[in-house]
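Every chain is named by a letter (A, B, C, D and E) in the order it is written, and numbering of its residues begins at 1.
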Amino acid sequence: MEVTPVGADKFAGTSIENCYQCGKCTAGCPLADQMDVTPNQLFRLVQLGEVEKAARCGAIWLCVSCFTCTGRCPQSVECVEIIDALREYAAEHDCAPPDLQRIILFQKAFLDNIRRNGRINELELIRDFKTKGFLQDLSLPLLMKDALLAPKLMQRGKFHLTSEKAKDRELVGRIFARCTGTHAEGATS
Amino acid sequence: MSETEKTAFEPKIVAYVCNWCTYLGADLAGTNRLEYPSNVRIVRLPCTGRIDFNLIIKAFEMGADMVVVSGCHPGDCHYTAGNYHARRRWTLFRDLLETMGIDLNRIHFAWISAAEGKKFAEFITEITDKARQLGPYQAYREICE
Amino acid sequence: MARIGVFICWCGENIARTVDVKRATEEVEQIPGVRFAIDYKYMCSDPGQTMVRDKIIAERLQGLVIASCSPHMHMKTFRAAAKAAGLNPYLVEMANIREHCSWVHQNREEATAKAVELIRLAVGKVIQDKPLDAIKVPLTKRALVIGAGVAGIQASLDIAEAGHEVVLVEREPSIGGKMAGLSETFPTLDCSQCILTPRMVETGQHPNIKLYTWSEIESVDGSVGNFTVTIRKKARYIDMSKCTGCGECWNKCPMSKTLNDFDYGLSKRKAIYLAFPQAVPARPVIDKNACTKLKTGKCGICAKVCAAGAINYEDQDEIVTEQVGAIVVATGYKLYSIGQEQDNEKYTGYGEYGYGKYPDVIDALQFERLSSASGPTGGEIRRPSDGAVPKSVVFIACVGSRDPAKGVSYCSKICCMYTAKHTMLYKHKVHEGTAHVFYMDIRAGGKNYDEFVRRAIEKDGAKYYRGRVSKITEENGKLIVRAADTLAGVPVTIEADMVVLASAMLPSTGATELAQKLKVGYDEYGFLSESHPKLRPVETNSAGVFICGACHGPKDIPEAVAQASAAAGKVQVMFARNELTRDPEIAKINEQNCAACYACVRTCPYNAIEKAEIRDRQGNLVKMTARVNPGLCMGCGTCVAVCPSKSADIDGFSESQIYEMIKNL
Amino acid sequence: MSRFGYYPGCALHGSSNDFEASVRACMKTLEVELGELNDWICCGATAAHSINHTLSLALPGRNLGIAERDGFTDLLAPCPMCSMELIKTKNALTESAALRKEISDIVETPVTGATEVINLIQIFQRVGLDRIQAAVKKPLESISAACYYGCLLTRPPRTVAFDDPDQPRSMETVLAALGAKSVEWNYATECCGAGMTLSREETVLNLTNKIITNAKAHGANCLVVACPMCHVNLDMKQGAVEQAHGVKHDMPVYYLSDLVGLALGLSERELAVNRHFVRAGVHAAPKTVA
Amino acid sequence: MIEEIRQTCRTLLEAGTVNVVIAYGQSNPDGPVHPIFVTKPDDVEKIVWNKQCFANLTTYLTRKEVKSLGKAAILVKGCDARSLVVLVQESQVERSDVHVIGLACEGVGEPELAGKCRVCEVHMPVGVDVTIGSTEAAAPEGQNRYALVDEFMKKSPEERMAFWKQEFERCVRCYACRGVCPLCYCNQCIVDKNRPVVIDTSATLKGNFAWNITRAFHLAGRCVSCGECTRVCPAGIDLRMLNASLAQSAEKHFNYRAGMDPETPPVIGTYNAEDKENFIR
């Protein structure tokens, strides 16, 4: 196994070497029992330089960013930041497990939606999914599913058919362009 | 001064340090092989309490481009309180120098403990770079001509 | 022209690799005043020193510059060499061309140039050096030991047995310390009190030991060889000379609501109480915060039942002074509390463990009392909330230890061992119970230690899980412990009846204040600093003050005792002489010049400068002056800096010497 | 009348508009003026930080820039997710001059991170609990609430620096001012899995069930939240929870602002309490016997 | 008021309470005011008190020749009384050895009031044995004691340096500043120390900078702004600026003002663990 030390900056300003594998992150994680590898094992992989291996784990997509791990870590490791960085890596390198690809697609669609509207347009987000043909096996965010299945929501005035949009959507577009642009530069440097 | 002269300039830096903290911090930097520029001349004194303002003036008179004064952190003084006394004097002295228009970028005070070899090396590297950028302390040299 | 010899050391390759020693030697020879310069592979070696000695004699040298390592490393060595060759040892200077040069610079050219300059500075200084004589200080062969736990007891007995008087000060009502409250000790499981109490009795009865219990150190003046120690004897309300320790008073005392601190709050005690049954001295003390008589003037039962008439409600704190020559600090430790209230802002407590609000979450010392035959349950393991025998106990290691976020970053060293012991004690008493241990690493590096831990796991069936506990909650009378087993990679949840926390060892309360009084350094946690971690492990940088036991860092009993004997040994080494010598690099005042403004007197951290009068032969006052007491001056030089007329100066770091150095920039 | 910047975020302008109604009604009664950020944009949660780090700073950065431009020193973001993203960005901006420049350039507005971002509980603290207590018209004597903080009100602690991450008390303190009781329970800061709504419905229902069950077991007659996502899970999903676990909870879930508003005498309708899934009527019930 | 002064002094001398009165005299009515040492009761008529009484007489208290005259009474203005406090703090004067006659002072200087008097808050001297006269004079509310320094500090460091160069260029090292200063009482001044030479004695810019920095710093937390050094400087160097800058520093950082209270420990030679240190790394 190739072991490469990983620069601390890659993992969002938190020094991964600080992790001493006590497992308190795993102990407090509400999803740990359903993960293919536990949070501390994920961080161990990163310590070993096995970033791609870590990014291929389904566990990173189970993380709900509840920050219990970060909050209790005795070494003040920014656990969620590491997982975010892994997710970012997975999205960039297209290495999420096949059954979880659609999560990335959903998140991309989510961002795309913000890019176009400045704010989340719930209906449009769902329509996008439909047209892209992802709906057949998709358990959409429960919120969305319920929105489609439960007219009760509409009864309660909780669902707008015409969602609002930001006014200066061109600016939002420019922000996105710069961020993705900046990001590409960052990745190559 | 031209750019080439500026880069070729190597400042003279005098570091007045206490025997128990910063001198040992510098020793630790050595033990840990932490590299830093060779411009600094360490003058070992028992305590920052010993470091009188006229030693600082004297150093400039002797052609120093920068003076460093460093000792134990508050509470850690080998002699209990020498650094507290020193701190008071420096506070006042700095204000005097400021009134006189003497460049405060030429004098640096630090607390560096015997355990802070890394801080010592980083500190010296940083102020040496700064001294290089500032160039020779022409203003004081003119006074001393 | 001065006759200075310069000796340039290669330090094997350490210096020579980076500094062109040959070239430096040639350049240094050109410095005015330098008689010769010579280089050698190992200047500190025997042949190196011989060379130095020979050269001093052959060249009639007036001063030496040794260009080698840090003066903190070898100044003593070369001063001794100079002395052996008849040269005053204070005519030796060192140029630190290793730590400050060859080790921190890569460029050979630059390093060589710097080495030459450092030597030039040192030559400048040595030319201004003056021969000095070591200061002789008389010595009081009497020792103060602060803290009477197992370390303090050991040190006291050792010094006393060597024939010297010992003043032993303990702030609790009895000697014995933490060890007196322990159940059985690892790795032999021998009863703590069985081994300690005879030593306590011996201490109490030793003719050379003067015992001050229920007393604290107020201040320490003077210096090595001659300390004056002021001790506060707290009001005990008992006339120790009359009391027989019969027990009538505490048996009859109606106030029984105070938490017993000897049992860490697991039991109650009376307002007048004996610290614990084997207490030395076996005399009670009245808790003034609990006693009705002292609070309201009513009651007075204890005085009524005391046949000896030993109760004295009018007792006051008493201040006494003692003269000693050496001090041993053995103030021990306390445990990190997981509560929200902390005495150090760096510590936060454990909210995820409920900040200690669950009564059945206890700490290790409480468990010691629970399993001790003399403890509140008579040695039966019963949980505090309802007295039930816990069928499932979770032990958590590293609580507060190795936890920079909430506690301390160091390892408390003994918890692995006592946790293993606790599981055994528990299993030996509750056969059907299960002990679960959550640990990060098992540190069992002592003699027979690892075997002991293995025994807990293999023979006594303790279940060990490698992982830290994330949360403890209480549900339906059970403590829900949520953790992970990092080896299996699975979360683990255990329903426990009781949880025992192996809390971090912290220096005992007030240790840093005491350290300040003694001018002893301490680390960020408040553990006292030794002078050198390897070579001077029980000395401190405050001459004549020694440390032992857990005030210095986490330690188990064997280590604390060994260190106590070492400290006692150091005291005896000191007491083997009839007078002390001190470094003469101290301040002096030109009394003729002194304007007697006394800025130095105000400033001196050691009160070593006094206002003095100069009188002529007829006894007429000529002038006032400041005067240094060489016995007290420690040589910090702060007086030099505040003296406007520079009438104060300091040998070894004089104005002349420093000027001469920087003149050579 | 005090004035705060107001960042509703998508949820409050979307399916959690009952929350917004509640917050606004409450603030109006307390004479707090909410200045909604002019043309705010989505903060990017939850997708941005997983996909693009710069974007996860730029989107909140834009909103902070708007707040600074409009002169708001304090900015209320009732959604803890938005609030956390804003604070995270604010902290990062405060720390690095280079980042301030980068983000300012990206979002075309100078942004320094000077704006204080506050959550729903904090705005009540700013208003003053004494003042609220004095203004109570209908003390909520029948309420025995389990205060549910969820994840992001107190976490990550180094970032949000609000209340105690493991034993928070701030909501309980607000409730006390309203004359309501709160219970000691174990799940105040456990995650409900709101972020896990993708593909793991079972997990979410499981976590949610534990939370409601524990609250009940400790004597709560309702839950109080300050997060739109928690509310969705606990209120809207409660039916699904009951179905999946074969239990009947019927546990009302209030927003903290609902209870403040009710105590101040506002109607269920004004606070949109009537639009919750689980009928929230315990506040009007006769006083419970402890 | 002058009669009362003379009468007081006469009584003291006649009663033998003191052997000498250190006071102001004037050889002719338009001539300069100078110190006089009155030992005979009849000589009290020579004493004057007017707007020209700038001198801080306390400087003579530490002089050997004055001490040899026996127990002294001294006339002090409010500012002078402050320097006396410093002298007592520094063990140079035993307070009980001196009979201090405080003079109510509305400021000296004519036609224009001296700068120091415009910000003076001790028109009625404190800590004296007797006060003669009374005055309502007081520094105007909100008057900034350090306005001069503040104004000067608006210049750039380079401009300040240039200013001092220009000033010190003129210094001839006559040491009049030292001679007139009540707080320069050393037996041997550091500038006269020759082994080693601390300060270059020649009147070069190097020596002049070192000397003036040293003198200013030796007055740190001690100078009471009596302004005598500036008044007597033949080169007209504005020395009070340096002193005021340090006085401001002591007040700003350590809340200390020299000579206000004999019980407050001096600023140098004491410390507070909480002293701020934002300039130290």
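The rule is simple: a residue touches a chain if its C-beta (ideal position, glycine included) is under 8 Å from a C-beta of that chain, and two chains touch if they have at least 3 such contacts.
Note that the coordinates shown come from a computational prediction; the quantities given were computed from them, not determined experimentally.
Q: Name, by label, each chain that touches both members of the pair chain A and chain E.
A: C
Q: Return the chains shared as contacts by chain B and chain E, ordered by label.
A: C
Q: So, comparing C-alpha centroids, which chain is the farthest one from chain B?
A: Result for max centroid distance from chain B is chain D.
Q: Give me the two chains with the most inter-chain contact pairs.
A: A-D
Q: Please work out the Cα centroid separation of chain A and chain D, and write it as a whole number of Å.
A: 22
Q: Indicate the whole-number Å distance between the mean C-alpha point of chain B and the mean C-alpha point of chain C.
A: Distance between chain centres: 32 Å.
Q: If you average the CA atoms of chain B and of chain D, how far apart do the two points sit, in angstrom?
A: The separation of the two C-alpha centroids amounts to 53 Å.
Q: Could you grab the centroid distance between chain D and chain E? Build each centroid from C-alpha atoms only and quote it in angstrom.
A: 67
Q: Touching at least two other chains at once: which residues of chain E meet that condition?
A: 198, 268-270
Q: Tell me, which residues of chain A touch at least two other chains?
A: Correct list: 68, 72, 76.
Q: Where in chain B do residues touch two or more other chains at once?
A: Where chain B meets two or more other chains at a single residue, that happens at 53, 58, 81, 85, 89.
Q: Run through the chains and report each pair that touches.
A: All chain pairs meeting the touch criterion are A-C, A-D, B-C, B-E, C-D, C-E.
Q: Okay, in this complex, where on chain E does chain B touch?
A: 149, 152-153, 155-165, 198-200, 205-206, 209-210, 213-214, 216-217, 220-221, 241-242, 245-246, 248-250, 253-254, 267-273, 275-277, 279-281
Q: Under the touch definition given earlier, write down the residues of chain D that touch chain C in their complex.
A: Chain D residues touching chain C: 164-167, 186, 214, 217.
Q: Looking at the complex, which residues from chain C come into contact with chain B?
A: Going by the criterion above, the answer is residues 70-72, 96, 98-101, 103-107, 110-111, 113-114, 117-118, 121, 516, 519, 521, 541, 585, 603, 605-606, 634-638, 640-642, 650, 652-653, 658-659, 661-663, 665.
Q: Which of the residues in chain B end up touching chain E in this complex?
A: Touching chain E: residues 53-54, 57-58, 61, 74-75, 81, 84-85, 87-103, 108-111, 123, 139, 142-145 of chain B.
Q: Using the touch rule from the top, collect the residues of chain A that touch chain C in their complex.
A: It is residues 20-29, 32-33, 37-38, 40-41, 68, 72-76 of chain A that touch chain C.
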